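After this come two complexes, each holding subunit A, first together with subunit B and then together with subunit C.
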Partner chain A sequence: MLKRWIEIFSIIDFIAVGMLLSVIAMNSLKRIESCLKAYIINSSLLALLMVATAIYLSIPHLYLAAFFTIAGKCILIPYFLRKVIRQLKVTHDVEPYISSSLSLAASFAIVTIVYSVLSEGIFVAGLTRTVLKISVSIILISLFVMMTRKKAVTQVMGLLFMENGLFLAGFSLTFGMPTIIELGVLFDMLMGVLILGVFLSQIKKAFVSVDLDKLTSLKG
Partner chain B sequence: MLDLQFLIILLFSPLLQGIIKKIKAWSQGRVGAGVLQPYWDLVRLFRKDMVISKTASWVFHAAPFITFLSVLAASMMVPVISVKGTIFGMGDIIALLYTLALGRFFMVLAGLDAGTAFGGEGSSREATVAILVEPMMMLAIFSTAIAGGSTSLSKLALSVDIFHSPAHVLALAAFFVALIAETGRIPVDNPDTHLELTMIHEGMLLEYSGRYLALMEWAHYMKQMLLFTVAIDLFFSYGIAGGGHGFAALSPLYYALKLLFLAAAMAVAESSRAKLRFFQLPSLLGGAFVLSLLSIITVIMLG
Partner chain C sequence: MEPGNLFLLSGIGLFIAGTVLFSIAPGRWLNMLYGLFAAGSVLAGLYSLGLIMPSAQPSPVYVFPVSGFLELAFQGNPLSGYFSLLLSVLGAAVSVYSIGYMKGAEGPRFQGIFYGLFLLSLYAVFFSSNIVAFLVAWEAMSLLSFFLVVSDTRDEEAQAAGITYATMTHIGTAFIIAAFMAGYALTGSLDFQGIRAGLAARPEWVRSLLFVLSFIGFGMKAGIVPLHIWLPRAHPAAPSNVSALMSGVMIKAGLYGMIMMGIGVLGGNVAWWGILALVAGGVSSVMGILYALMARDIKRLLAYSSVENIGIMLLGFGASIMFYSFHLPALAGIALAACLCHAMNHAVFKGMLFMGAGSVMHAVHSKNMEEMGGLLKKMPWTGLFFLVGAVSICALPPFNGFVSEWLTFQSLVLGSQTPAAYSKVISLLGGAALALTGAFAAAAFIKAFGISFLGMPRHERAEHAKEAGFPMTAAMGALALLCLLLGVYPGLLLGLISRIPLGGLSAVSPLSFSLAPVSIAGGFSGFWPAAILSAMLLGFLIVFVLIKTAGASKKTVYADSWDCGIRALTPRMQYTATAFTKPVRVIFKSIYLPRREIRISYRQKPFFAREITYRSDITPFIESYIYRPLLSAVHWTAHKIRHLQSGSLHLYLGYIMITLITLLLIWG
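Let's look at the complex of A and B:
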């Protein structure tokens, strides 16, 4: 019953497009708190996608992966990042290198290129058809966001989005790696965020600001 | 008989405006005017005398009629409760949008013609918003047109039955923003005031009074209902007569319900947002433009 609904309403496509939208929203979000919310939405959609696939293809161990995704990416990482942001007292990333409408246009260009490049070749069959394209777009767009933002915090957010995209790409090709690997990836991510958090507060201590432009003043 | 379905738009559009205002008042905790108030406004305006500026040329006199008639002509192309009986079966979605654009063009000219500062301001703003909204609306419409395989609204209303693809949802979101901008609602323009320096639509009409003003206002109400109807035809046409569902008798009811739903959505969206500064509009409309672009690329690439 549920399987048929997922088929009819193409729920998997919808969730994947939702993930893409939440990444594109990053381009125009100025408040760091809203970026964090976009990340939480993105991760919950990822977990939802896993659940939908688990139901659709009857792969029970994906439920476990979805659970860990929610625990790690929707609760632990945002909680820790929020703490770091409070400590750093940065609320806005007001001056990205290019304007938000231009970066929206750029991310659209990225999506177009990805869609047209990946529409031929070996990866065009079955379930992965949409999801793979979208995951590659997510990776490239979040890379772009990392490049255009000045504050270190938003760059960390870009990295997190990128990891979600990579996870999605891997997931769409393999339908869930062995649980132990997924756990390992998640743990790595958590550690990465912890280290980056400490690193951020060190930057803040040494340079007073987390604006990465100011790092060049070292050269003196 | 069905050729006369455009009369529904002609006659009920002030009622729709009244209903939107009523819902808005409720959601803001006021009682609000009765739903028939726009009718009384129109009646009163039609009875009043006109004051016309000495510098006004023929454009000023022609604009109300051209605006009204262009909206009326556009509403003849739209399937309201039945896919049959749009006048002579002619006119597709592109013709419809550009018929509306003709009316808008003359409204902008009239705002400039009267020679007041506010009129010119309103006109230049209206033109700017129109430039931003039009491509977005066209793209949103094209994405449904590609999915439906036609640009004729009757065929689209038959083919687009259910949200079977993310492209439709994206297009709907973009179209909703376009609807807000086209009908002059709050994040873009404030429809309730003549006193702000930020007015767009009211700014252009500032020099009009009496019968001409009544025609302009009526045209605005009709345009609003017309665009709602287009949204219904494009995105949730379920239950329209001639659609093979056999709901011919019930289709007015379906239409009314869908219209009411859209009106409520519009009123709630309007009372939950603050008006944007004019120079922030491009980022809102640009975001919606990206939505419609994504929608069209999704529909092309996913097939």
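Let's look at the complex of A and C:
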């Protein structure tokens, strides 16, 4: 019953597009807290996509992976990041190098390039015809975000989004990796964010701000 | 087990035991452990002799798998046997010498361990039979010798010399790797035999490319001009026992590589390869000895003279390839025999000279010849052996240098039998270069011996010099005897060489060697070493008898020599090393580009000077006009490229982004 619905309404594609939209939204949001919310939405959609796949392909262990995704990416990581942001007293502005409308235009350009270039070969294989293209777009847009933001916190956010994109890419090609690997990736992510948090506070201590511009002075 | 393999395995066992003991033995006995290396060298030398002797079955292959299809393969053949014999002779002598030399040295454990491993890696280079084993052994040899170069002193110049050496040797290795990889890519075989078989059908330009690559790569290690600049820095910086091995054996590893690749693998039958080697050899020998003549540092003089001698060997090598390409195998064999023979002879006397320099430095605590003088009276044995080495290297009978340089000269003169005009001219020019080199070598070593051993002590440390200990003099003495033996009885060595087959080129059948005259069939001349020795002894005897009989009635007067009526000679009145070479500096000033600087500060102009400083120096031609511009070009480019590295994280992320999108657009 559910399986047929998923197929008829292309539920999986819809969820994936939702993830893409949340990344594009993040690219133009101006407040760090909103970015964090976008990340929670993105991660929840990822978990939802896993559940849909689990039903569609009858792979029960994906439920477990979805559960851990929600626990890690929707609760633990955002909680920790928010704590770091409060502790470091980072101002609320994202402070991009370029205006948000230009960022939107760049996202549009990236999606266009990816869709026009990746229209054949292995890129239409995978879960559905669109999921892999969407995941590549997510990765590139997140990279763009990392490139154009001044603050270290936003770099971390970009990295997190990129990881979701990578996860989606791997997921769409393998129809769910073994649970142990998915758990491992999640755990890595958690540790990564913890370490980055520590790094942020160290950068703050050494340079008084978390603006990455100041890192230029490290060059010999 | 075959006795030969037993020698090899027990020799290697001794080396390994020696290196292990160096890390655990009590400090006082460390220098005695060099005895183990000496014994190991002797055993390995016996094995090498067995390789050269003809035998029914080929020597065994030792294969050590590494991973996948990569494996290290070692197999002896007569050529590698000859070179490892050379290594064994010098290795045994230097190890004995080290027993005395390393007594109370700084950092003895590391030096001992590196020394033992260095010897082992040299053996591995000569015995390796596939690309992988050769490269591993080659790299080990380079790195270990680098460690040894920088191990001796904390002085900054030595460290800089080490860096120069490491850089140059790695550039050379890159060329060798390129040649080997190209060989592998063309033939699909990692084995030298397989590459040889696979390349035979390839067009000439492919083989020429491989030859040029390996010639540059091995030439870097051999120290041919203009790739030699590391050699006169690194060799003097190393401890003297290691300098002896580096100059005596390691540069021959480069020669071995050239012969193995050029003749053994690539066939050695293209005329211009030979011309290339001849030109490089001629230039190296003349330039090398010209700079040796100007050196004030005794070890630097010896190092430059190694450049010269490698040039002489290359003359033989090049002539051999040239003759072979003109289908004159007999002449090719003679030229190659001259090259191999000179390799052995040079190892023997250059090793001895470096040991002598080491003993002198131990006694005087200086490398500068201007601070020596009068050492012959304080160190008679060292002086005698140094003199033997100097006479040998100047190619004077009855010592061994004469034999090989004579053979080289003969083979170059026989170049007139080649059909083409250019080859006639080139080989005769090579002969002229060799003759010029011989004259300068004599001048350089008269200077080396005369300034440091004769006259009056130029420094108070030279006055209190003491003779080196027994192991040191014994090692030098053994090599001095070998110089005499190989000079009087060249058949011993040439007989061994004539058993070395090399691809299509079998060596030296038309030479006859024994105590009887050496002559070349179809050549112009021959010589009879035993007769020369007898004549010299006879002449000596006649003079001695004449003095004793005719001069017996005269009273012997003892007085200072050359004092020109001045009653009190001081050391400062002596001929200095710089003054001695002044005429050459004047004649060759277009090469040396001497600089002179006189600074006078006056108390009252123009008659009352307070202080006069005088500096004179020569411009290192190749460094100033080839390497400096090259280096500044590299610096300039690096500086420009550095703008890419702005320090901005965002820009780096941008690079990644651009790369990713470009890749997507290209391969998407």
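The rule is simple: the second predicted complex is superposed on the first by the 210 of 220 C-alpha atoms of A that agree within 3 Å, B and C clash if a C-alpha of one lies under 4 Å from a C-alpha of the other, contacts with A are read in each partner's own complex, and residues count from 1 in each chain.
The definition used in the following text is that a residue touches a chain if its C-beta (ideal position, glycine included) is under 8 Å from a C-beta of that chain, and two chains touch if they have at least 3 such contacts.
As the structure is a prediction and not an experimental result, all values here were calculated from the model.
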{"item": "Three-chain arrangement built on subunit A, subunit B and subunit C clash or fit", "value": "fit"}
{"item": "Partner chain(s) touched by A:L2 [first = subunit B, second = subunit C, both, neither]", "value": "neither"}
{"item": "Touched partner set for A:F14, first subunit B, second subunit C, both or neither", "value": "first"}
{"item": "Contacts of A:A206 with subunit B and subunit C, given as first, second, both or neither", "value": "neither"}
{"item": "Touched partner set for A:I181, first subunit B, second subunit C, both or neither", "value": "neither"}
{"item": "Touched partner set for A:M191, first subunit B, second subunit C, both or neither", "value": "neither"}
{"item": "Which of subunit B and subunit C A:L104 touches, first, second, both or neither", "value": "first"}
{"item": "Which superposed partner A:I75 touches (first subunit B, second subunit C, both, neither)", "value": "neither"}
{"item": "Inter-centroid angle subunit B-subunit A-subunit C after superposition on A [Cα, multiple of 10°]", "value": "140"}
{"item": "Where subunit B and subunit C come nearest after superposition, their Cα distance in Å", "value": "15"}
{"item": "On subunit A, positions contacted by subunit B and by subunit C", "value": "none"}
{"item": "Complex contact set, residues of subunit A against subunit C", "value": "97, 110, 113-114, 117-118, 123, 136, 140, 143-144, 146-148, 155, 212-213, 215-219"}
{"item": "Subunit C residues touching subunit A - in the complex, by the definition given at the top", "value": "645-650, 653-654, 656-657, 660-661, 664-665, 668"}
{"item": "Subunit A - residues contacting subunit B, complex", "value": "8-10, 13-14, 16-18, 20-21, 24, 28, 100-101, 104-105, 107-108, 111-112, 115-116, 119, 129-130, 133"}
{"item": "For the subunit B and subunit A complex, residues of the former touching the latter", "value": "163-166, 169-170, 282-283, 286-287, 290-291, 293-294, 297-298, 301-302"}
